[in-house]
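Across the two complexes that follow, chain A remains constant while its partner is chain B and subsequently chain C.
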Partner chain A sequence: MVTRIPPRTTRQPTRQRSRFRHFLASGAVATAMVAGSVIPLGPLLPAAPQAQAAPLTAPRTAPQAAPAAADGKKVLTVAVDQSIDSLSPFLAQTLVATSIFRLTNEFLTNYDPKDAHTIPGFATKWASSADKLTWTFTIRSDSKWSDGKPATAEDAAWTFNKMMTDPNAATANGNFTSNFKKVTAPDATKLVIELKKPQATMTALDVPIVPKHVWEKVDDFSKFNNDKKFPIVGNGPYVIEDFKVDQYIRLKPNKDFWRGAPKFDELVFRYYKDKDAAVAALQKGEVSFVSGLTPAQAAALGNADNIKVNNAPGRRFFALATNPGAKAKDGKSFGNGHKALLDQNVRKALFHAVDRKTIVEKVFQGNAVEGQGYIPPRFDSYFWEPSGSQTIDYDPAKAATLLDKAGYKKNSGGKRVGKDGKPLNFRILCHATDPNDKAVGKYLQEWWGELGIGLKVECLDNVSDPWLAGNYDLAFDGWSVNPDPDFVLSIHTCAALPATAEDTGATDNFICDKKFDDLYAKQAVEYDTAKRTDLVKQMQSRLYDTGYMNVMAYPNAVEAYRTDQIKSITTMPEAAGNLWGQDGYWSWWSAVPADGTGEASSDSGSSTGTIIGIGAAAVVVVALGIFFAIRRRSTAEDRE
Partner chain B sequence: MSTASTPGVVRDAVDDPVKTGPSDGPRTRTTGHRTGYLLYVAGKLGGAAVSLFAILVTSFFLFRIIPGDPVKAMTHGKPTSVEQMATLRKQFGLDLPMWQQFTEYCAKALTGDLGTSYQFHAPVGELIAEKVPATLLLTGVAVLIYSTLGLWLGTRSAWRHGGLGDRINTGVALTLWSVPSFWLGLLLIIVFSVGIGPIPGMFPSGGMESGNETGFAHVLDVAHHMVLPVVTLVAVGYAQTLLVMRSSLLDEMGSDYLTTARAKGLRDDLVRRKHAVPNAMLPTVTMVFINLGHVAAGSILVETVFSWPGLGGLFYQALSVPDLPVVQGLFVVFAGAMILMNLLADLLYPLLDPRVGR
Partner chain C sequence: MTIDKTPPNPSESGDSSEASEASGSLTEMPGTPTDGTAPPQTTGAPAATAKAAAPSASSLMWARRRASVSRFWRQYRTHRAGLIGLAGLAVIALIALTSPLFIGGDVQSVTDAPGTALESPSGEFPLGTDQFGRSLLGLLIWGARISLVVGLLAAALSVAIGTLVGIVAGHFGGWFATVVMRITDWFLVMPALVLAIVLATVMSRSIWTVILAIGVTSWPTTARLVRAQTIAIESRPYIERARALGGGHGHVMTRHVLPNVMPLVLAQTTLGISTAILTEATLAFLGLGDPSVVSWGGMLQDAREAGAVSSGHWWYLAPPGIAIAVVALAFTLCGRAIEAVLNPKLGVSR
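What follows is the complex of A and B.
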């Protein structure tokens, strides 16, 4: 169709082509320069010693059988996904940050890995005065800061005093010192804390003690994130050596740690924002440990070589909360909670129609324990179960009777209607990001539907707004419990209600019950462990009976680690416990490297060969591309 | 170019018979063109400035619609007293009335201060600056590669449209385009990072660097970490450039000037490169610049799957609190990048096609 006329001259295409090549070349140079200027120049601080320790050329000569890091370091790599909000113990709120402080700074006391009872930490012993208002802690004399200076009672006193006098230093842990009157250190091994009123949680002060000689130089505690100068001085089993936001936190063992140095040469918390990618990294051996697995991931890893899945009792409870009629401390009611739920029989009927066994089996796929009392069985000293007659078990017939008794009879359409003739319809607040909430919501719709009650599952990204405003009937609730249960109990006292309807209180579910409050006040000042335990159990019993909260399950902590990297590691509780988020530093401090480990650290060194291979492959591909492009053009020319 | 200007001069002479002097013609024309272009540029610059200001104002109110109390969200699950929460609110300035928060925000924003992050207790500008290089590197390289690849393949496809090559090309591109990026990313991790069967695990499964390397080794290390995320972004993204280039070139294919060019004796290859492609470039350039605007925003999904420490991840994290100063700052940066790229595209049009901006 188109008549092609042979070219008159060959000059033009040649010039054209060379111009094209110039363009390509300058483009490539420009790209390389841009890339070079954009790539951050890496961890400059520790560069010098590491460059010597891990020369790039080493892996090339290293024997194939041992793909360890160039210097044969035993590295324990833990996959994490939550960002570090701050490396200042005075500011950080996230679990990752607070777990790391456990490793880097001693607290006054620690918790026994066997059963979580209080054991010595920075303090070796403690005693309270007869009037319960003065506590004297004996501080150990064998603890040193990682810069060589001795760690003394003076450091502890300074830490607490700073939090008491500077509101900016109290943002993270101020709740621990709000009842402190005076803190002094008469000598290097003696710390005296005077209280305003007795406080039973004095052996559970989870506050990282910081070195005074470092921190007294800080001007503004609200802005100091402690992430510019490394290593960070501490006295725990590990010292933070390097940190890159959302990339990694690198820790080295503290050789002078009084309890003994950790066995691994390095502990790295590496970021995997996607859990499936973290699981892939575990399979590959890039990381040694992954936590928070879904049932499907746990099942997939169950058959993998050299991987142990640890399915341990968790520290959380998963509960149903009912709106007891939101109120402020000034007595003013607010919110739009359903009036029918103020009737205890209605609440009990709802709970009787919840089949916990099915929830554990179907929703959690066996990775949970049926719920009973408020505190999970992991904390066995405080764990409480309802007695036989008290138990609200799965009994739909009983639920129907209770509803009849409360005046909500079934109409001809099978719907429960009140005396006003209106059908009984509830709403439940669900976290849109939590698949368990949604799945349980579906079951509740079915079970309560059979009773004749309608349920609307309202899944929201942010449930806190309607929750704080009291605009809900029921909600999915859950808290992580500490070895000392004071906090999770305090959120159900009248004192936790908001001051006015416009304020926000610490309350979880607007519960305000005189009997519960009395028991709370008693346990808060009870220094005798056995007596306090008994009071805590009575409180759980009362909470169960009032029926505003009903625990459906205690989800397990499902995690996995590589047995060819970690030979042994301490779980908490020791018998069958978990590794991530322990109350103490036991897991990472106790971990023993497996013989011939190294895959964990292979990421740093073994890449050289691969990179060269990839580089070569890229060059080949580009060369082939250019070759074919030119060949095509010349064919076209020939054709013409 | 020379062929285009010759008739112009002739037309000038014909259209403008009342000339004051023989030498005034060409000068008036050049000055007129320059003034026209300057006016065009000034108009575009003014528009961009107004948009930027509107975004600055919108960003403050837009994110205040997000439900949720930042203080409550941040302290959730941690023993926190009412006093601690009050201190936090005061630190964040959330205790002030809305209008006062707004005026303070505007005053600060005009001096370049985007405020302090609630969760990270650090200046927003610093946080963004910390993450910008990672995002620019990843998405920048990906956009560069997929634009070039799309342009090249699109041109090839259109020139031999209907052929086997065209069908395979378009088919593959469309298939890859419809693949969710996070899924493709995970697949690549499983195949090329963990390794399947005879394929060894060659690439790291996440992150931007291993943290042990320095100097050139570090550059190589970052490049090694970049391979899989870049491949994902390119695979999913190149189809758009390909399709736009292909269809706009197809529009030009039947034009008379191509026949003329061929009649002049130009080779097929030259006809395509010198005549058809430049005329088909305009829509593709818009597309490329829009993509460049997206570079700053990164790719939340790909950044998440590959744990790339970029802006996309920061935005997602800030939204969930909501960390208002960070979300506002990022919104301004993302929108600003888009405005800037659109502005550049607008400024480039008259150079690519002299008809624009007259």
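What follows is the complex of A and C.
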């Protein structure tokens, strides 16, 4: 699924997979500490001293470790774990990369941090013609590229034209320009876009505008990753100074930024491939900000001094998707999805047996909102929830009745069997590196086991392959939703299906429903906000009724920052909003450094406990090591 | 009988079975390690003994076995570390085997979890609870079963492969052995953990995958040891006599070489179990185990995913880690003692 992720709309796996790599790395190192000294495997032994040395030396050797370096620079350090796929805005799709483009390049429009309504960005004004087919943007004249050249409408026109003419440049954001007919820049402050048919996303064109004089020298957009020459020319609040794969990305503030320069002297995204290591670094004051905390980490950090935990409603949904019988546009079916799931009653029964409240309480430990419709309540204008008889609530008795009705009766062994006498057993595709998937999988196994349905939780590191091939019955699904819901709705239209069984489509879950498609087409050309909102709600209602997706929860964004390093920072939305992965550059642009250039010395009590635990473990390990060394030496002559 | 056959003749089924029948009554004692200490006598005059004392042969054999077991035990007893290890193993095995009686599979259930998430140790939950509110003590005991089963089976598989490769390579020699041993060397220099991770990644998640992944990556040491021992044994004169009497390849390998390498294999297995348990824990910790079963490595992985390290929830991390270390240590102590008793070269007690 990774390859199909548009900017800012990051589906879980992207993050997961990169996280997996650090899992291996850090896990192997940590385990080597224990295993290395005990397992008599030769190759492991050299790893042990390294592993033990790593935690001690890492902070010292890491570049720019202290928040306030010796020369008094105020450095804002953000812990990240997702690898950057590319620094070319035409290719990059990961959340880290697209968040960084927000900081380095202006977009035509931006979103207000208060309520995410569209506000001026690179463009100051915009208007559409009476026939809704021609849009005229007024480009600001006070924006300059970081190499001193003025940023004009010509740059924007070149960016869009490149994406329209070169398929390789349309990899990341092609969905915005596919409906463009012609883009011109009559003068430096005027950009004219002509459309083939009306497009409701015209004020939400999330495309980073690049400098024409730099990018026109690029030959092959499919290969150019923009990571050789630094600093990278941009016109956003920050400029990329340096980048080392999976180590750090360093940004300097753009002093000429038209909205005002950021207050910090440097912004560093430092890689911590292990969340616990990132949290430890936050406790020590080596990083200023960590996102994606587990409930236990959030609780522990909540008690620590100088650390503020920000627990905000998230923009993601976490859902259960059923395979509706994977199909290509040419009508050919493929994959091996379970036939029983084509019966709406069976799907409904499964969903009736899912206790979403328990999932929110137990798995997310309250750090989530119970799932209802498709779009999270954070986007309150588009948020929709089922009502009355439409609602699929937790009701195992009803689920059992529905299954009986569908012809799956319980046999003597308590298993549901179909008419062919075969017991009902499903598989669910889970991301091996996502603890939430695994945890919810455990609950589903027990809930559905009560119903007499078997469930095999298939946790894979790479879920994309079976997913794209349609080889799944159920799957854990999740997308981040943008202020404009067009994209997350588009992935459930027939148009998003793959052209043939071999192709890759933009589809999320192979859903193809005529009613949904009609509504989608209507909302895409509807410029009236109220009417469009209503259509979007109708689409969610329709999606809910088809019963292919069950949104279980909207996980919160749980993040923490050091108050002795960051005095203030803007969340989005301003009231109870998140900091990481915003629609805009607000958090890092607005961050104000704290006065005390505090070398944080306050270790929380919990880390003391950890140190004692690690110390005890180290003693055991060393003892075992010595023991084995003696043993090996004494038997040396017997070994070949 | 088979005297007219020439020595290096490959065994035909009739001959070898007849030969093994004759000598079998005395030498077929796999698992009875005494053979290793006194190999020459066992094959003295098989045919004569078997024919002359047919009724007493089996009683003789049993007497010999009893004697060798008691001798083994007498020597084993002198190794205090070995006794400690054995006692530890007995306790752990007892707990693991009887756990279904006093905790049962309910301990794994998340929907019926009795506690709240990540409680610290208390009277009700002596080791606290995990993120689902399940009792960690119950999970620890329940997890012992998986860890032990995987450890035993994987070690057995690994030693079986190693023994087979070692004996075959040692027995046949020549270019065949060269090829087989180079393959062994290749496995030996491959980082076993990396290979196991690759195997566990490409195959479906189950404990059988883990067993297989450990088994096929950890056999080369055994293979080398067994090959060396095989070569040493095959240079003894009684092997030549057996060949002269018509013993084929299969006969020599299974009736003469195998019983003599058994002590080594036994010691290797015991030592291998601790390796296998650790590797299982490592793989589970790296998220490559079967997520639907509770194992000690899996508990460590769960603890990490819950953020127990940075939150200071030591009661979640320490018990499974200590349990792994204790079991691995117990097996190693036993293996070391067995090795000291059975390996003639290590006759002096240390």
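Just so it is clear, the second predicted complex is superposed on the first by the 526 of 640 C-alpha atoms of A that agree within 3 Å, B and C clash if a C-alpha of one lies under 4 Å from a C-alpha of the other, contacts with A are read in each partner's own complex, and residues count from 1 in each chain.
Rule of thumb we're sticking to: a contact is a pair of C-beta atoms (placed from the backbone, for glycine too) under 8 Å apart; a residue touches a chain by one contact, two chains touch by 3 or more.
Not measured: the values here are computed from a predicted model.
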item	value
Touching partner for A:Ala280 - first (chain B), second (chain C), both, neither	both
First, second, both or neither for A:Asp256, with chain B first and chain C second	neither
Partner chain(s) touched by A:Lys362 [first = chain B, second = chain C, both, neither]	second
Partner chain in contact with A:Asp395 - chain B first, chain C second, else both or neither	neither
A:Tyr272 touches, of chain B and chain C: first, second, both or neither?	first
First, second, both or neither for A:Lys438, with chain B first and chain C second	second
Which superposed partner A:Asp112 touches (first chain B, second chain C, both, neither)	neither
Touching partner for A:Glu385 - first (chain B), second (chain C), both, neither	neither
Residues of chain A touched, compared between chain B and chain C (which is higher)	B
Chain B and chain C footprints on chain A, overlapping residues	31, 34-35, 38-41, 43-44, 276, 280, 283, 461, 604-605, 607-608, 610, 613, 637, 640
In the complex, chain A residues that touch chain C	20, 23-24, 27-28, 30-31, 34-35, 38-41, 43-44, 275-276, 279-280, 283, 293-297, 299-300, 358, 362, 365, 430, 432-433, 435, 438-439, 441-443, 445-447, 457-459, 461, 604-610, 612-613, 616-617, 620, 624, 627-628, 631, 634-635, 637-640
Chain A to chain B touching residues, read off their complex	2-8, 12-13, 16, 31, 34-36, 38-44, 47, 50-51, 54, 56, 69, 83, 85-86, 88, 91, 93, 95, 98, 167-168, 170-171, 174-175, 178, 222-223, 225, 242, 244-248, 250, 268, 270-274, 276-278, 280-281, 283-284, 286, 460-462, 464-465, 468, 479-480, 482, 487, 490, 499, 504-506, 603-605, 607-608, 610-611, 613-615, 633, 636-637, 640
Touch list for chain B against partner chain A, complex	66-69, 71-85, 87-88, 91, 116, 119-122, 130-131, 133-134, 136-137, 140-141, 144, 182, 186, 189-190, 193-195, 201-215, 217-224, 227, 259, 262-270, 273, 303-307, 309, 313, 317, 320
Residue numbers on chain C that touch chain A, as the complex places them	109-111, 113, 117-118, 131-133, 189-194, 197, 201, 204-205, 218, 224-225, 228, 271, 274-275, 278-279, 281-282, 285-287, 291-292, 302, 304-314, 317-318, 321-322, 324-325, 328-329, 332, 336, 339, 343, 345-346, 350
